[in-house]
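Structures are listed in the sections that come next.
Two complexes follow with chain A in common, the first pairing it with chain B and the second with chain C.
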Partner chain A sequence: MNDMTLMEKTVDTQKIKIAAKDVNVYYGDSHAIKDVNVEIEDKTVTAFIGPSGCGKSTFLRCLNRMNDTIDICKVKGDILLDGEDIYDKRVDPVQLRAKVGMVFQKPNPFPKSIYDNVAYGPRIHGLAKNKAELDEIVEKSLRRGAIWDEVKDRLDAPGTGLSGGQQQRLCIARAVATEPEVLLMDEPCSALDPIATAQVEELIDELRSRYSVVIVTHSMQQAARVSQKTAFFHLGNLVEFGLTGQIFTNPEDPRTESYITGRIG
Partner chain B sequence: MPTIWLVALLLALAAAGFYWGRARALRTAGGDAKDLHSLPSYYGYHVALTSFVPAIAVLAIWLLAQPLFIENRVSGMIPAAAVPENSTLGLVMSDVRRVAEGLDLAVEQGLLTRAEARDLSSGSQDVRALLGEVGVALGNDVRPEVLTAAQAFRNLSNTGKTAMSVVVALLAFGGFAWAYSKTHKDFRARNVVERGVLALLILAASLAILTTVGIVLSMLFETKNFFGLHSWTDFFFGSTWAPNFRGDSELSILPLLWGTLYISFIALLVAVPVGLFAAIYLSEYASNAVRSFAKPLLEILAGIPTIVYGLFALLTVGPALAGLFAKGGLLGVEWMAGATSVLTAGLVMGIMLIPFVSSLSDDIINAVPQAMRDGSLGLGATKSETVRQVVMPAALPGIVGAVLLAASRAIGETMIVVMGAGAIAKFSGNPLESMTTITTRIVSQLTGDTDFASPETLVAFALGLTLFVLTLGLNVLALYIVRKYREQYE
Partner chain C sequence: MTDLSQNTASEPRKHGGSLLEQTPRTKKRNAAEKRFRAYGIAAIAAGLVMLIILVTTIVGKGTGAFQQTFITLQVELLESKLDKKGERNIEDIKKVTTFGYAPIIKGAVAAAVEELGIETSLKPKKLAGILSKDAAAQLREYVLANPDQIGQTVEFRFLASSRVDGYMKGRVHRESIANDKNISPEQLDLVDALAAAGVLEKTFNLDFILGADASDARPEAAGMGVSMLGSLFMMFVVLALALPIGVAASIYLEEFAPQNWLTDMIEVNISNLAAVPSIVFGILGLAVFINYMHLPTSAPLVGGLVLTLMTLPTIIISTRASLKSVPPSIRDAALGVGASKMQAVFHHVLPLAAPGILTGTIIGLAQALGETAPLLLIGMVGFIASNAPETLADGLLSPNSAMPAQIYEWAKRADPAFYERAWGGIIILLIFLVTMNTLAVILRRRFERRW
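And then the complex of A and B:
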């Protein structure tokens, strides 16, 4: 890894999109996230790194209340999206998830056509008044997913028939179609080969111009390549959070240093 | 020697073989089990199996084949003239068997010596009275041909039995000696036993398949007899089911098929929505506590014998429907004549099928990957939108398969329709009328006291075979669909 480029990475400070305050998460009796405070900026890629089982996915799923779907999961603390508490009673988690989109570890296109996959969210939320508008949304989303050119001639083909990398970009296009403000990605490249990974990483960098992106990754090279801010989790604690360049070249906490140099993992 | 002793001898030999085989293997290794190719007990199993399995197999085959062989030989001895006018060779042969059986008993009870039984002739003694004394009652006097045939029958049986004992014992001891002599520390007993286990498993599997083939063949045979006596066009394309004893019965399957399909249709109308919704609730909405309590409960429902559902139809649902629709009922209409009707049977059969549909659908819905649901929920869909637009379409082929399996059970169901549907074969669209089904007619045609060789009885086999083909077709289709769907996610 080239330290010089990391240090030179341009970072303009953006407004805070998501602020988490004293967040604790419990699965039944087990305490999965301990007093996490973090501020995620708009139009920035934030990477969550850390050894597996340290709670990266759990914390990510708090940000769009996907943890609500797990019976035993309890979330304490405040998470503010644009200053509003998303765990407030008045917030409808279903609406929230349209605003905070999610891309999963394994590409999970629905067993429907490519078109219907992308149109799924807009249809549910009534984003298009007519077919022409829907067509437009689908095309725009597929372009943002950097997959339009590959599928424009076969929008009726099943989404499950695409290659792994194409499927994942389709899933990103699907998430983008509901006009989210934040995109959460949980190890989006771990099921992909290196070429597909490179394509998705490039896409993530483009997405930064519109969205706030949070990406969980177990690959430190990937975190270094795509992110501006990095958070290091260990055993449910947020150990260190800062500029990516800073974390990778000059970590403050000895645990971060050990992880980055490969001594804990 | 009675067969049971022979089996006991084989078992004893096998047990001895196990210990001696094991001991010999250990001895060849100088008492050190580590020098053996296989664990010591494998040598034991090898000797035990080699002495037991071939012998018991020959014993079983012999026991099955001997009666057939003797029957053949003895019936060949009876001249055509000895068969009375209004009788058949089969009836004479059953006399022969009874006389032979009687003679055996007489010898056993000491009324006759072996030699006397062999030389007995109908001229010198009243055989009928003699056999009556040992409890074998005969319809008429024993004719000389029958007595001779019976004596030949006994003779062949005894010879056969002796031969069997000798052959089986020889085989067992031979196997024992051969396996024992092979036992040596380098002998690969473990591999041989492995092959033996494989053979055993194959045998079990082929037995199940062969039985099915046997059942189908026997049905085919009787069906062929039926079509020899009755025209197949009437059976398949006629419009009336009216068996009688005058010999001009109309035996068409169509009215019965109509009743069967109508009742099954109503049953599915009840079972599919309720079962499916129950499955969706259990797999998508219910908390673990509810699920762990409700699922076994539903499965218990599936274990209730259908005769109990039949009683429910007869005693509860039928009268309740009659209380609504029959003369003097709550609705003041007179649409129903009695308690039995298509609706009665259909409703109860539907209830019976609910757990069947729900447990199959539950499995299928659970097989839809969680990632699908997460994807949909993550896009801001509600639970029911997710179920409707993602889970159900993904599970649909499997659910169609489950419905087809349920349909095939409904078509083959007997007890509920016997007790709830009535016995009148007709084409009618009114669900409050009595109708009858293929299965009920099979029961009533076979349990009547008509001659077995008449078309009125044999039609049961044609009906059964049609039913078999129908349900087999449905099952094959259902399994094909379900399997195709499973592949999608593997």
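And then the complex of A and C:
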């Protein structure tokens, strides 16, 4: 990681896609996220870093209400997507999740064919009128997932038969197939080898042109490589949020500095 | 555990010992391991021995039921006895009861004895005693079906009486019949002679598998067919009710229900229900379905309902286990692309859990098929002595029996010939159970998915 080049990374200011205001998350009695305020920009990669258990994944899962599936999880505060509160009673989480796609830590393709994996989202949302349109969506998504060339000859093969890196790119293709506006990635490379990681990181950079990408990562190098903005979480608090170059070279908070220099973690 | 407790007294290990020699401690540990393996092998061997004893006993005692002794006779259907008016009016012919057919049978046996040149001091009545009491009924049935055959001589294959059958199978000896009024040594001499002449022979008896039950006096005519039908009806009811109810309940509990004290209590109670003795379900069925709802007794519908109650916990538990074994990442993946909870369950989770659900259902059905106690309480021990088409047991609401209940009935009866049939029934029941369990194993192997 070359700190000097990071400083020179150009960052254009984009419009705010997601705004979180005073978000608190409770798991039963434990207070997992404390008063988090953060603004996530469109067409930007935002990285959440921090030690294990600091709440960054929890916060990420609040952004598309995946935490709804956990009974004891309570979310307080406002999370606005394009100015609309996603925790409003009128919001159907199903519609929200079509807008805010998610890629998980462990590649989790459905035990179905590669084609069906990608086609599932468009099918349930009725995005294709006929088979030809669906084929088109599948091809486009697989191309965006940078995996088309590797699988185009075996779309009927099971998705679970691919290698780990291919599976994760398939999952990304599946996530982009529903034309989301925001893509959440929860440690997408933690189960991948360095080569697959490099491929996925390259892909994330390409995705930036269309989506707002939020990525949770344990690897600070990865955060520095792929993101324009970085948020540092510690013990449920958002300690520092700013331009990636700023955070990694000239952090304001002593805790951030300790973490990125490896003294706490 | 023992190793740890011994550690307290141990000294620091001395350096420099040879690896080629075992320390006393290692020796002791290895010996313990060997002993444990020996115990395990002994336990398995004991189990296998029991199994072998069980199977050989069942097969040894039961195979006899699948064979039956038949006597082939030429019977002259005398018009003077069967249709005195000679008008072939079916109503007149029906007036002749089975008693009216007895002389014809006596005559047929006597004729056969004479024709074969067998010398015997037996009177015609005793001669006919080697035939089953079923013979007259068989004859009458034939005549009613073919009145035009009256006056002709027709060849019939009659069942031999259970004593004769027992003699042919080695169950009845000349010594054992000393006080038996149903058979005499002279009759056995006649049987030997007829067997030598080929008139009397022991063959495979399909009627044991497909036939109806018979009264106490003629064990040779009893069969499993009607009770098999009853079991089939019940399994149909169980499958139609327990599978959808069980699967729906488990999907709701596993995927949708909130985690609170109520669902916890339901869960505990389902586990408890699975352990409730089946006779409790029987008395519950008696109280609710028969005494309160006034459903007919001995009906497969009631039996099926009771067995459904009994099978539901099994199906729910196994379905929940197989739903649980589907990794949560699959649900996350489906929810992540915007599937609703129901879509996630029905498109992804349920297909993956299906083999497990199917296995659980088949095992539950097999359990229900072999259940006896609750059936006794609701009267699923109907005595139906006729087979299709004139049988009473023609539907879910008509009286019937079930295979295990039929076996119990036979085992209760005095005649040792019924005892043999009880063992034969066990063989048939076991064939069903083994087939179902094998099917469950095959399905599980075939469709099991590994992640």
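Observations on the model:
In this text, the second predicted complex is superposed on the first by the 265 of 265 C-alpha atoms of A that agree within 3 Å, B and C clash if a C-alpha of one lies under 4 Å from a C-alpha of the other, contacts with A are read in each partner's own complex, and residues count from 1 in each chain.
In this text, contacts are C-beta pairs under 8 Å (C-beta built on N, C-alpha and C of every residue); 3 or more make two chains touch, one makes a residue touch a chain.
This is a predicted model, so every value here is computed, not measured.
Per the definitions stated earlier, placing chain B and chain C onto a shared chain A by superposition produces a clash between them.
Look at A:Met66: by the touch rule set out above, it reaches both chain B and chain C. Judged by the touch definition given at the top, the superposed model places A:Val75 against neither chain B nor chain C. Of the two partner chains, both chain B and chain C are touched by A:Gly121.
With both structures placed on the common chain, the touch criterion links A:Gly101 to chain B and to chain C.
Residue contacts after overlaying the shared chain place A:Val23 against neither chain B nor chain C.
Taken together, the two complexes place residues 64, 66, 69, 71, 94-95, 97-98, 101-102, 104, 106, 108-111, 120-121, 124-125, 171, 174-175, 178 of chain A in contact with chain B and also with chain C.
By the touch rule above, chain A contacts chain B in their complex via residues 64, 66, 69, 71, 94-99, 101-102, 104, 106, 108-112, 120-121, 124-125, 171, 174-175, 178.
Within the complex formed with chain A, the chain B residues making contact are 287-288, 369, 371-382, 385, 389-390, 393-394, 488.
Per the touch definition, chain A reaches chain C in the complex via residues 64, 66, 69, 71-72, 94-95, 97-98, 101-104, 106, 108-111, 120-121, 124-125, 160, 171, 174-175, 177-178. Those residues of chain C that touch chain A in the shared complex are 258-259, 327, 329-340, 343, 347-348, 352, 449, 451.
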